[in-house]
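The structures come next, written out as structure tokens.
In what follows, subunit A forms one complex with subunit B and a second complex with subunit C.
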Partner chain A sequence: MGEMDAAEFDDVVDDWFIESLKTYKDLHVYQLEHPTRVIEWTSGKTVCVAGYRSAKNELLELLLPLKLLAEENKGLCAERDFKVVHGGFAEGPVHCLRHIPGTRCAVTNDGRSSGLQVWDLGGDDSDVIRRTASVAGRSASGRGSRIAAGLSSDPRVLHGAESSDVLLTDLTSGQSVYKLKSDAADPLSSLQFVSDSVFLACCCSGNIYTVDTRASDAPRPSPPPATGGGDGVLWCADASPSSAGGAGRVARLSSSGEAVLSDLRDLGGAVSRARLDVLIDHHNWDDVKVSWAPALDDCIAASGFSGTVQIYDTSAWAAEPAAARPLFEHRGHVVSSQRADSLPVLVTSHVWHPERPRTLLSAAADGSVHVWDWVDQSAAAC
Partner chain B sequence: MYIKQIFSKRPRTKLDQLVGAAITFCRCFHAEQIRPEDNGLPIVHHSKYVCELPANHRFPMGKFPRVLHFLLKDQVITDKQVWVPEIASQHLLSGVHTDEYLDNFINGKINEQEQRRTGFPWSEGIVRRCRYETGGTVLAAEIALQRGLACSTAGGTHHAFPSYGSGFCLLNDLAVAAKYLTGKSPLKRKVLIVDLDVHQGDGTAFIFKEESCVFTFSVHCGKNFPLRKQQSDLDVSVEDGMEDKEYLSTVEAHLPWLLDTFRPDLVLYDAGVDPHWEDELGRLRLTDQGLYQRDLYVMKSVVTRGVPVATVIGGGYSRDIDKLAIRHSIVHRAATQVWRECGM
Partner chain C sequence: SSLRRLQADSRSRGDRKNTGNSRVVYCTVSHFFSFFFSLQGAGQDVGRSCILVSIGGKNIMLDCGMHMGYNDDRRFPDFSYITQNGRLTEFLDCVIISHFHLDHCGALPYMSEMVGYDGPIYMTHPTKAICPILLEDFRKITVDKKGETNFFTSQMIKDCMKKVIPLNLHQTVQVDDELEIKAYYAGHVLGAAMVHIKVGSESVVYTGDYNMTPDRHLGAAWIDKCRPDILISESTYATTIRDSKRCRERDFLKKVHETIERGGKVLIPVFALGRAQELCILLETFWERMNLKAPIYFSTGLTEKANHYYKLFITWTNQKIRKTFVQRNMFEFKHIKAFDRSYADNPGPMVVFATPGMLHAGQSLQIFKKWAGNEKNMVIMPGYCVQGTIGHKILNGQRKLEMEGRLSLTKKLCRNNNNKTCSHQGSESNHHLLDVKLQVEYMSFSAHADAKGIMQLIRMAEPRNMLLVHGEAAKMEFLKGKIEQEFNINCYMPANGETETVTTNPSVPVDISLNLLKREMALGGPLPDTKKPRTMHGTLIMKENSLRLVSPEQALKELGLNEHQLRFTCRVQLQDPHSDSDTLHRIYTHLKSVLKGYTIQHLPDSTVMVESIVIKLSSSAEDPNTKVLLLSWSYQVIDLSYSQC
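On to the complex of A and B.
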């Protein structure tokens, strides 16, 4: 973009502000003191974020602006900002954070070792987030662990850095109740339960293990369908939630911008594919993320390639990969990031609201956190 | 017979003044309909203050007729008080706007990039409504000079610059009115623009930066649009969340001495309601009472100094049009009280 003086920069933001009145139903902007790479729902109205600096970092539980959540009587809610409701400190960076559903418990990993920290997020009587326990990992690889919360009623956490060290640990007893049998030390990009007893271990290589914890034999990985991308391509993936329409699908996204949709029962095959409209020139793979919309059929969000979050409608995708245009692109972080000589800002994380079809939260490397409810322009009458 | 008496040197009787005024009125008002007989607070309104907008457009266009509706329904005014403005001519507008912009604007040659910044897609309807709105502000100012106080049911499009529009403003009505009413040298009138909309009156500030006969005074929230601020003659930038008491103190700290030092011949008052806590864009926390007290204070301060004041409704942003319109009608209600109390 080149050097821009303050007035010109303000102009850009002002232009975008006027534009945003048309393109968003709601938009709230928050600035954290330190950026986060994690946004995790802890209830319908609260999310947890945490810093990732090398030493001490804050964990915060934020309450969404009440003005956003009120369907009627929006005017009655004066609060337009996020509110910090609970806070605590972690000794190191937080690279992964998961909330255990049905509890006030969260689990984190620092991205440089395999162990987990367990936290009590606090209740009405206290605004402090306290560390209560640790869980050891199996790996000595120096890689951070991915984490998934178990879907069963017992508080369990699935974790591991590579396919050879995945453990399911019961948080009450601290004992591991399942170990994934695998010799391949395939670095993981994510772990995800798709039912009470079945989980996916998604590897950076694109391999996905479908694991039934009740079965005794070692699961075999499904490689990604062949794509145009060469060697060195990294993959992330997301399985559509069981509640969403078209359940049982997995979306994979590669570092070269290729997206592949597969049926959960046939992960080696591709139902449809596309080339996303993203910048491939990035240096940080860790923050690239793809996710299915919980309440909007066939839609996925992708972020981490640049300072934007893109929404795609996959219903139009075909078996042969073609260039796809996003249904919507959130440019807020780019527009409002620090200017002039600073590096272009990257989006570090995004999440969909579990119920509101077009509401997302996103965070960027400059500490900004946005919550936005976008307008589907294609559906609007002209 | 009566016409001759206007120009005679003998002391004018009240009757003479009335008749003379009627003839002057017809000649000098930019109005489609005038109300010289009515003794109530003059209200300026035109049904063409509105136009069609694309479905789901966020600008609350419906608020203008609703303001009048609620004032009539609540019997604050009767329709006999309503003056109807003429459409602002290109000549009138050219006092502030460039010929090129006016030509493009009126003929639909505004490019897409420029349209985006305004927030409006171009249409003949939007051109017409902006011109009527501007005409309304000019008329309110003219009436105020004769009667002391007048209120439009629209106006306050202070983000418009001479050669481009911005932020839902396509023509700068306050600037056009101020420019027209300062008149010609050497007897130029002095106009004070009091802009209490939560957004800085950047267009107006820019237009009158070098004009010593027009003083621009803006109280606004620093963090609200536009981030790129212009320089008014007096800018007071306030913090997010300011409430009634502190806000009123802020206005009280500046307005009286401004009136006493600048000594305007006319005040144009932008009574924007977007400092209200329910406003979707404004970042302040005024209540209905706070707005009422503010408007009462401003108008009383001006009127008791014998200075005429014309008001416009300014900005307000809400998806509940009726609630918004009622909020906008606060200034008319306060003006009615001032009209009564000051025996106008």
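On to the complex of A and C.
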């Protein structure tokens, strides 16, 4: 990179940082040695990240900066670094990682076989993450498994690569306690529990199975409402956190940038829809992700189409699809990535803070990890 | 002189193909480093660095820091480890100071003037210039403010600095005939250096505090691929992933901007050198971009002092600053003006940079007192504050401060006379309580290497062993594993006060006589490959400080010794009904068939020779069928004889 380019680059970054004074309450920018595709909360203050290179990779449990978490006397707290509280080595890539709530245990998958690796995240006496067990998968498709942690007190994981091979495995005994009966080998985009015994198996085709583990009959898939996307469109999905009284909703996002919200009780129908303001040419489908804000009404975050993470307010969406503008767009990864080729850096993952309404973490393919607390300009204006 | 005949070739025939006819002299010389870690504290910012390294018979003290968290004897390193056996000057070959922070140099006058050390002390030019100013500041706070005794005096600081020899970057300094040191750029603060210490073929690199990412003010640390036996690195931040510099700056600008917008005043107490310049550059740029009008002031003394030092040490800053400096004076800022004490009472928003940085005296304290009562105002503390200072108190959340009144001077005089405080002189009215209502912000701009930085430095220097100091071993098991796996080297993490001994395998250069080399060439085999070990036979002569490998004949000649022949023999019994000559012939034929490629002769005197091995045969007197085979060989061919027997 020439000298002039470097200066221009600095200017662009400076501009964005100055703009960020108004648009973010908190902003922290980190650089990992190797990029991560997973960001998983292991407590209210710690997250797990892991590399996805084909060779050996690291699993890291990071403590969020104390300055971000400080409730009072924030100004007196100068600590703004991530602290690596635990770390370990994985023999292969990590494409999926789930923490089992209430334990110091995490489960990973390498994205090339259906088996799972079980890890002890370590305690106060040691900073080492150790592999403790393996769980066999049912699929020989060479596809990686999706993983969901159970919501009940037993340490259980739901896992599978296709709708025909979903298993619920008890981690204490290593035995599978439930097997999904389905003949269709539909590749999965995600698995998610919505209650102790009910889970969603979301398929790349857009089909979603609502499965009650107490029932013995084979569940029927709900296809996405007809859209103009045509064939070959892939889908990912996320169910809203169950709120007391309110009906759960599911957001589906297609590779052509179409978003569909459905009522959890009627996944074949659409409550509202929108066409998101995203690029649909460059993405790596594995990176595309949609997620509901856990502490902010009607908001979803979408990433993976480009180097940005977008926040949308779905309350304005109508039954007929219309172009939607993001409420907020985090451009940090694009702005601060200094790549030799001019290809934009892709965001590999994002996750909402479980309690703080507007705090997110995001990671990009250049190894950057950002922690940001954005400001709702429309709310700030009035 | 001494002659040592080293272990002869002990390789089997099978290896011969690979190594040709070459023979090796294996020589392993073990040397030991011992590290004595003299009392470092744990925890950030309050640690204390003082490391003792023994390398190739030389003793070097690396840094001589003081513990900022203690007020008693524990603040200085315990030198009795050394002094119980004699004076420091006799024991130490030199002292090296990495940078001017007090946790790295604060005990220096104590060591040199109070414990007593007259040997050389090395530090870079900027450290030499700044270190005494900081030591004097610190002495004033401790002795004048807190009334402590048993502390070093101003004169001791001066005397200590007379023992300092300045270091230039990348310049090899010969401490004595055998010990040499070389300084490398470490970033971190102005003048911070890493140092490469070499004795013979053994070497150690000590990093001090360093920073692997350049900032507005300083460049990134850099070192040669010098492959030291040990790299000693700080590891206070080894388990962190650093937030970006820009985010730190962003927070600073955000706080300043918010205060200015609500009409408040911002006080930034700074030390004359270092971060102040960086923050000025930052604010100047920001004011320009945002078209802000609020005045920014800079203490005048500060400007002059800083300009002076920056002119002297401009090569120690980063490229951008160097360029700016050539174009215009560092402090000919458009928005930043010289401060006058009357300005503090002006209405409306303003930003003031003032010394000293810890709010213990002078202009920064005066302004603080004026502005502390207004909650619209803000004080931003960009650095560490020593215990007992106002800065330290407000950083610990104290909102009510007891300020010294006018009578404090009398008190101080009285204290000096009687060497104790005369409390009756100071009545309650001398002290007034200051309500701190302004906002207090602590921002650390100090640049340290994080986990990634440590890995980068290891990649750069390629050490054979890694030693992490200042850390908590139990919390660094993962990092240790990571370093050991990624670089295939050992990683040590000694606890405070612990000694670590590391064995090295230094390569020892040996001169080989041309004749011997020619002889080896004549024996054939592949040409020498620098990457592969090659066996060679010869006699090693160690004389004075040289090592030579010569042919045994030459060695004998040079040393006037007679050659002794050493032969091994053994008897083997066989049952064979044939005549003696037939048996011998059968042995000859058999050997011919199994030892292809060797010279085998059946001599007329009824002996068989395989190369230089002699085989004779005789019958037992009692039983002619029992044959006795006599084998005889010289020590050189020991393997062949055994392998065939």
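A few notes on this one:
Here, the second predicted complex is superposed on the first by the 368 of 382 C-alpha atoms of A that agree within 3 Å, B and C clash if a C-alpha of one lies under 4 Å from a C-alpha of the other, contacts with A are read in each partner's own complex, and residues count from 1 in each chain.
Going forward, contacts are C-beta pairs under 8 Å (C-beta built on N, C-alpha and C of every residue); 3 or more make two chains touch, one makes a residue touch a chain.
These numbers come from a predicted model, not from an experiment.
After superposition onto subunit A, the partners subunit B and subunit C occupy overlapping space and clash. When the shared chain is aligned, no partner comes close enough to touch A:265: not subunit B, not subunit C. In the superposed model, A:62 lies in contact with subunit C only, and not with subunit B. Put simply, more of the residues of subunit A are touched by C, taking subunit B and subunit C as the two choices.
In the superposed model, A:14 lies in contact with both subunit B and subunit C. By the document's definition of touching, of the two partners only subunit C reaches A:33; subunit B does not.
The superposed model built on chain A shows that, among 9-17, 45-53 or 99-107, the segment of subunit B colliding with subunit C is 45-53. Taken together, the two structures place residues 13-14, 17-18, 21, 75-76, 78, 80 of subunit A in contact with subunit B in one case and with subunit C in the other.
Subunit B makes touch with subunit A in their complex at residues 54-58, 116-119, 166-168, 225-228, 277-278, 280, 283, 285, 318-320, 323.
By the touch rule above, subunit C contacts subunit A in their complex via residues 237, 239-244, 246-251, 253-255, 257, 285-286, 289-290, 395-397, 439-444, 450-452, 455, 474-479, 481-482, 485. Across the complex, subunit A meets subunit B through its residues 7, 10-11, 13-15, 17-19, 21-22, 74-76, 78, 80, 375, 380-382. Contact residues on subunit A toward subunit C in their complex (touch as defined above): 13-14, 17-18, 20-21, 27-33, 58, 62, 65, 73, 75-78, 80-89, 125-129, 336.
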